[in-house]
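All chains are identified by letter, namely A, B, C, D and E, in their written order; residue positions are counted from 1 within each chain.
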Amino acid sequence: MKRIGVVDTTFARFDMAKSAVSRLKEMGTGFRIIRRTVPGIKDLPVECKILIEEEKCDIVMALGMPGGKEIDRMCAHEASTGIIRAQLMTNTHIIEVFVHEDEASDENILGELARSRSADHAENVYWLLFDRKRLEKRAGTGRRQGYGSVGAIGG
Amino acid sequence: MKRIGVVDTTFARFDMAKSAVSRLKEMGTGFRIIRRTVPGIKDLPVECKILIEEEKCDIVMALGMPGGKEIDRMCAHEASTGIIRAQLMTNTHIIEVFVHEDEASDENILGELARSRSADHAENVYWLLFDRKRLEKRAGTGRRQGYGSVGAIGG
Amino acid sequence: MKRIGVVDTTFARFDMAKSAVSRLKEMGTGFRIIRRTVPGIKDLPVECKILIEEEKCDIVMALGMPGGKEIDRMCAHEASTGIIRAQLMTNTHIIEVFVHEDEASDENILGELARSRSADHAENVYWLLFDRKRLEKRAGTGRRQGYGSVGAIGG
Amino acid sequence: MKRIGVVDTTFARFDMAKSAVSRLKEMGTGFRIIRRTVPGIKDLPVECKILIEEEKCDIVMALGMPGGKEIDRMCAHEASTGIIRAQLMTNTHIIEVFVHEDEASDENILGELARSRSADHAENVYWLLFDRKRLEKRAGTGRRQGYGSVGAIGG
Amino acid sequence: MKRIGVVDTTFARFDMAKSAVSRLKEMGTGFRIIRRTVPGIKDLPVECKILIEEEKCDIVMALGMPGGKEIDRMCAHEASTGIIRAQLMTNTHIIEVFVHEDEASDENILGELARSRSADHAENVYWLLFDRKRLEKRAGTGRRQGYGSVGAIGG
């Protein structure tokens, strides 16, 4: 039985974890989900690392919705740098799913983007754990999460 | 008995620690507070790490008020990066509470923001230590500290 | 028998790994290739480190095609920083081969650039493993990968 | 007997160490000073760490004067990031004292700023080692080094 | 007998290592030089660390010529950050000698700058190993490498 960590924030304006967990369950079985919530995206790196080291998670999803201002972009950069560092300290994948508030001007489109990106990345998480061949077949094919995929050049 | 570290700076123009400690005491009991003051925000990361490793703090609040110039934003970025690194080295949460001087043009509003953000984050600290379920119920609900919360999309 | 890791992404729009592997095989023998695919460039650092530490790779190629927006450049910066960190944690070279979407306005030129840069860097990988003298002879000679080399000043 | 490291650069245009050491000696006794000089600010982080680990310094001052161009600001950022990392690796404070060439248009004012900031930070160093209560009393009071302090909001 | 590592790149357009080694030999004896070449500046950090840890170098020179575009500046920043990290992991100085393509509009001036900066930094390397007093006498005297020194303020 594999263990999948799912961490989200109280700052986000959409229940991304619900969408991710729902898709994970559609993908298959053989795993248990460990949920955690932290205040903001800068609190994600250490929470993910704790899930890996103390809760023995085999992979973690880090979900967040950075604001649309310059300072929010810097926060997201700091969080991302920490998430990569946490992976390197543990030799474990942490799939970052960030939806930036300025990716859509309409609130409902933003919500839909948060929903679909969380779900699409849940597929990546499942494949990383259980079906690496599926990812290899998709190598270089221009996949996007939340938006429609753009496809391979000349494809 | 849990131990909560609270570190602030002589650079800040408001006694954020007082506000944080006051709210912490309103939240409940079962913890002891360890106070420290350093010159500026770049001195926060190592002081937080010392509190965790040498004073056995279970969580730390890092309080600061970066100036409003470009160079101050870079200082804040360096401090934040260090605070995240300190967390990853200790598997312990450090809640950063920064109020940027250019978040308000009026000095009194800035002071009020520093007061309320410190207090609001003290609640997060208490919940991280004693009541994780409270954070999970708030997942994806657009919480803000210091400003009014924006709420969930469509909420 | 040396082991060369080759990691690419499903985000990229060109099969860079195919081009790299093809050139590696033209260069000589004495190595085995270990392929891996991850979703995006931010997932490269940890996968490279796993290949080095768990699959005993002697060198790794990290292949990716960052998008052309400001946020994509930040992603590439975070990935690059992580790739350098992974090298320092393992004392092993990871050759990063990134083709930025805005390096060419024409899609076919972009594909050709991805093909040739991957192949050119495969030569570097081979020389780093088997023929360091070849690199030393080229020191300071203005080599470029994917584009024509510019040559030494006054050369 | 405590040990205070003082590291400066040949790049700086003012003898900041002289000013820092002079003020340290005015503050009291009970410490010995270990001096070092490196070429530029990017050489400071490792020299500070060596002073802590190999010369058993209890605290270090890192003194430098970054140039006024964009590339100099990046150098200062890299040096600062390294100084924070060095602190986290040693659980020891390193007080960074940087005077940026573009902080003053007049050369003499710049020199005076370098002198006074070095001296003011020497006080912080002394208090961090011998009198933490002095810093705690100044918490949130808007202290500045080199410039006049701005004071607490409403103070 | 001390060991000095000298690492350069095939990307650079000038044989900086030749200039550095030549000046080192003029400075004195008592050291052996270990040469290495890597493709680009992002490959420098790990090569320097390998020279320190596996070839027992006492100090290393990292020579490179970043391009003049925004993305090249980011590469240089990533390389510099890695070089500082490598120093902190080994308690050993790595003297970075970078000449940015946009430091001179004329190719020949750029070549001369690369030559003289490499040589001038070779002096720093020699003094760091064999004559620290020489650096201390130059503290705060506005030394520059490659360009004429600017001197101390009021000096």
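One rule holds in what follows: a contact is a pair of C-beta atoms (placed from the backbone, for glycine too) under 8 Å apart; a residue touches a chain by one contact, two chains touch by 3 or more.
Source: prediction; values computed, not measured.
Using the contact threshold fixed earlier, the set of chains in contact with both chain D and chain E is empty. Put simply, chain B has to spin 145° for its C-alpha atoms to lie on chain C, with the angle rounded to a multiple of 5.
Rounded to a whole number, the gap between the C-alpha centres of chain B and chain D is 25 angstrom.
If you average the CA atoms of chain C and of chain D, the two centres end up 41 Å from each other. Within chain A, contacts with two or more other chains are made by residues 81, 85.
Ring order of the chains (start chain A, then chain C) is A, C, E, D, B.
Contact residues on chain C toward chain E in their complex (touch as defined above): 73, 77, 80-81, 83-85, 87-88, 91-96, 100, 121, 124, 128, 132, 135-136, 138-145, 150-155. Every residue of chain E that touches chain C in the complex is listed here, in rising order: 8-18, 35-39, 42-43, 45-47, 49-50, 53-54, 71, 74-75, 78-79, 81-82, 85-86, 89, 107-108, 110-111, 114.
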